[in-house]
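Next up: some structures, all given as structure tokens.
One chain, chain A, links the two complexes that follow: it is found with chain B in the first and with chain C in the second.
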Partner chain A sequence: MPADLSFEQAPPISVPLRFFLSAPIFGVVAGALLSWWGADVVTSRWLGETLALTHLLVAGFMLQAMTGALFQFLPVAAGCNIARPMLVAATVHPLLAAAALLLPLGLAGGIAIALRVAAALFLFAVAIVVVATGRALLRTPAQGATVLALRLAVGGLAITVLLGTALADGLAGHRSWPLVDLTSIHVAWGLGGWALVLLAGVSYFVVPMFQLTPPYPPRFARWLPLLLLAVLLVWSLQLIVPIPQQLVLICGMALAGAFSATTLWLQQRRRRRIRDPVFWFFRLAMSCLLAAALLAAGVALLPALHDEASVAWILGVLLIPGVFVSAINGMLYKIVPFISWLHLQRLALPGTPVPNVLDLLPGSAMRAQMILHLLAMVLLLMSAVWPSIVTLAGVAFATSSAWLGVNLSRAVWRYVRARGRIGASERGR
Partner chain B sequence: MRRVIDGRDLLPPEPLELTLAALDQLTEGDDLLLLLNCRPAPLFGILRRHGYFWDECAQGDGSFEITIRKGIVGEQ
Partner chain C sequence: MTVTQPLHTHHKHCDELFALAEEGVHRLRWDQCIGQFALFRGELEGHFATEEQLLFPAFEAANGSTSGPPQVMRIEHQQMRGLMGEMAQALASRSAGAFAGLAETLLVLMQQHNMKEEHILYPMCDRLLAAAQLPVADDLRRRTASTCGE
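What follows is the complex of A and B.
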């Protein structure tokens, strides 16, 4: 009988769920603050408020969801697991959450102590994540593009946070870092090396599985993270030597564009006409990625657009809520009911009825929230031209995030109730 | 008797749902053949827990064939 370590090792369900359920809260806070602060944030990417909103999403919403996904995903995709998952999760989750609230506070309010404490908390918590997942990923005998991508993503997270800490330190202590260069390297590792590479690694696995598409072409899947790494390394050299920035940027955007185009093409070739919300969320994410890659490459070629605040806003909206929040939103709708159902199946004796995934999270609830998310995206993009719309966009985004949180919480609540029923019927036998 | 479930064009967790339903009807001596696009790791944990036996066979096209039998008491 073949050994099946993967699921036996799967972490207790509470490990990923705590991250998944907290992520939407950061979206609610970001949306509410966006509408409170209003049109100013559209005018500059360098305002403390803008940076605060960015990090509520990247270091709050995204980091929470992606850490949970990483913990959940390691046993399934890479056949390995972190040591002491309960202890790691119980330590990392509150620290990351606190850091992700303090950092925006420090950025928006210019509060040095908040920046310093946030940086220290991030450093500590992310170090735990990196060591725990890194050890598992280096020890697994599994090969393949997903494992490769996960390894690089974890390395990317480490570099992002190290650079972020240096930046926060620079802002807090007026240290003489080359802030602009450091920021562009930090952004590239954060959105490219960490978030995009992780998204690619997870997509290699879940897009064929949940959308019934053909697999990603194996050579493309392997080379993509390696080439992205090469681009990021060259990009980072700008700290010490002059580099052909435009060219390197265009190479990076070509890779991002190739990934999105490949995913859209695979979706087009799916074997069944699946049109569930997960499919649409992914389609939206990949379309935003393609649009952002084209726009960024265009800007690199047209220096006149470089300093256009509205271009920076559109790029930020396409990449952060457009690509990552959308993809995560869709993934959470797949993972949360799926793992809940799986845990119920494991608990129940044969013949005991277990609610199916759509009982746990009905399609209608997901579709309604998806429409609101789309509306929020449209309003956010329109704010580039009519900044006063941003107030409405913030309300839409906050409401959509809250709705996501409610949908996920209800699924978990139904899971808990079903688990109670199964426990009761088992005791009754 | 052999029952076949072709899960290759079904959306997860449908193949698993069908399999678990079919297991309830499996009697000793019968087997259940599953055709899947990926290795159903979660299924194996459930099978082991409930005392089923299985063979897996990776196909050239990347798909998997899993044959499941009911455990005979004392065999384990």
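What follows is the complex of A and C.
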């Protein structure tokens, strides 16, 4: 047997939980600031405030949750564990959190030192994540589309952060970088090479798992991340040679659209008829991805819409809160109660019942927050036409994120109480 | 056919039975779902037995270790047996809420367990036991009502 095949069920629970519980805080801050800044942010994607909000979500909410998920997911999906998870998590978590707060501060306030420090912190923390997860993923004997996607996603994260560091350097004063080109490449690697490839790799696993759907077609699953990688590499060439941008963009959007359509099709063929909040969160995420892919491809074909600020806003809303925040929100509702249950189960004596996942996080709490998230999405999209609504949209998004945080925290609190009861009953024996 | 192919197929069969039992309770069709749950439980127990008494010992003998992946799988089988016991109690007391929570827990546990087996352990078994002529399909047929592997 390969020496490094790890089959442990999970890392210590505090490792992923610290990331999962921090993520919603960035959503609250983003929603509150959106509300505070108001309609201006809808008018340009290049405003410091708009960039700040974007990064609160992508480098705060998303990066926190996705890093935590990597720790939790690797043993199950790839049969490998991150070495010394407590040490890695204890180092990476505060660095990423600090960086994700400093970066928006630097972007919104034009504060060069904040940009530089944030970039340095991201570079250091992400380097640790990439080395730790990359090492585990390269040494695992497990194969398959998920492992391939995870490897590519981790590479995509590294490239995103390297490009982001160059951009921060450019914004902080070294204007020698081609900022516009570099930004479009950074965005493509961040949303496509890291977030979408990771979402695909995780979906290959969790969509059949949670809804009992047929598996993704194996060839599609294997080729999707590779083709996305090819598109990203061609897209990146624009730094040195002219490329047919619209064609490359349409290819990328066709792949994203194919992934979302396949997922929606698989969901239609599910054997589990019960539709829980996670099902709806995933369906929302995939519908937003399909809509974003169609819109972006349409814009590529209609140059008149290129500079339309409302189009950029709609695309941003569909992709970031729509696809990734929704999918993560749903995933957290599965992962947090389940890992809490798993750890309680390990602590309890055999045969002793422990609170099940719905005792830890009731369906009604998830459904109520899901409706608010949906409302926030509708208001955010409507803001493209009526920018004054954005204040209300910000309040809704902040409240929804706070509610997510409360729901997760209550689940963890119930876990802690149950753990205490188990400890007391075993001491009493 | 690989050594573990009948077990792959049987996972899907058990999923189907699980979904039927879960939906039955959701719709409060108690009499119907007691039978469906018993069928599901019997199939899953048979599946565990084939793995624990035939596949895992053969894997461990070929591998020369008893502390590898099968040990984690045995622990998870125990956890699933515990949950199925609680689900049977919830059914007996007509408690749809308790059953739903237990079913949700079992689903995630069972699925992540199956994924680990299908993606990691079974391929290892197929490589190590390719020449062993292990009668997995016969064993599974003997222990369950299913015809997986035929």
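Here are a few things to note about the model shown:
The working rule: the second predicted complex is superposed on the first by the 420 of 429 C-alpha atoms of A that agree within 3 Å, B and C clash if a C-alpha of one lies under 4 Å from a C-alpha of the other, contacts with A are read in each partner's own complex, and residues count from 1 in each chain.
To be clear about the criterion, a contact is a pair of C-beta atoms (placed from the backbone, for glycine too) under 8 Å apart; a residue touches a chain by one contact, two chains touch by 3 or more.
None of these values were measured; they are calculated from a predicted model.
With chain A as the common reference for superposition, the partners chain B and chain C occupy clashing space.
Once the two complexes are overlaid on the shared chain, A:Thr146 sits against chain C while remaining clear of chain B. After overlaying the two complexes on the shared chain, residue contacts for A:Ile371 are found with neither chain B nor chain C. Taking chain A as the reference chain, the count of touched residues is higher for C when chain B and chain C are set side by side.
After overlaying the two complexes on the shared chain, residue contacts for A:Leu226 are found with neither chain B nor chain C.
Contact with neither chain B nor chain C is seen for A:Ala39 once the two complexes are overlaid on the shared chain.
By the document's definition of touching, of the two partners only chain C reaches A:Arg273; chain B does not. Judged by the touch definition given at the top, the superposed model places A:Asp359 against chain C, while chain B stays out of reach.
In the superposition on chain A, the residues of chain A contacting both chain B and chain C are 1, 7-8, 76, 208-210, 212, 271-272, 274, 276, 338, 341-342, 345, 350-351, 356-357. The touching residues of chain B, counted against chain A in their complex, run 9, 11-13, 16-17, 20, 23-24, 37-38, 41-42, 44-46, 48-50, 53-54, 56, 62. The residues of chain A lying in touch with chain C in their complex are 1, 5, 7-9, 76-77, 79, 141-144, 146, 205, 208-210, 212, 271-274, 276, 334, 338, 341-342, 345, 350-351, 353, 356-359, 363. Contact residues of chain A toward chain B in the complex are 1-2, 4, 6-8, 10, 75-76, 208-210, 212, 215, 271-272, 274, 276, 338, 341-342, 345-346, 349-351, 356-357. Considering their complex, residues 15-16, 18-19, 22-23, 26, 63, 65, 68-69, 72, 75-76, 78-79, 82-83, 86, 97-98, 100-102, 104-105, 107-109, 111-112, 115-116, 119-121, 123-124 of chain C touch chain A.
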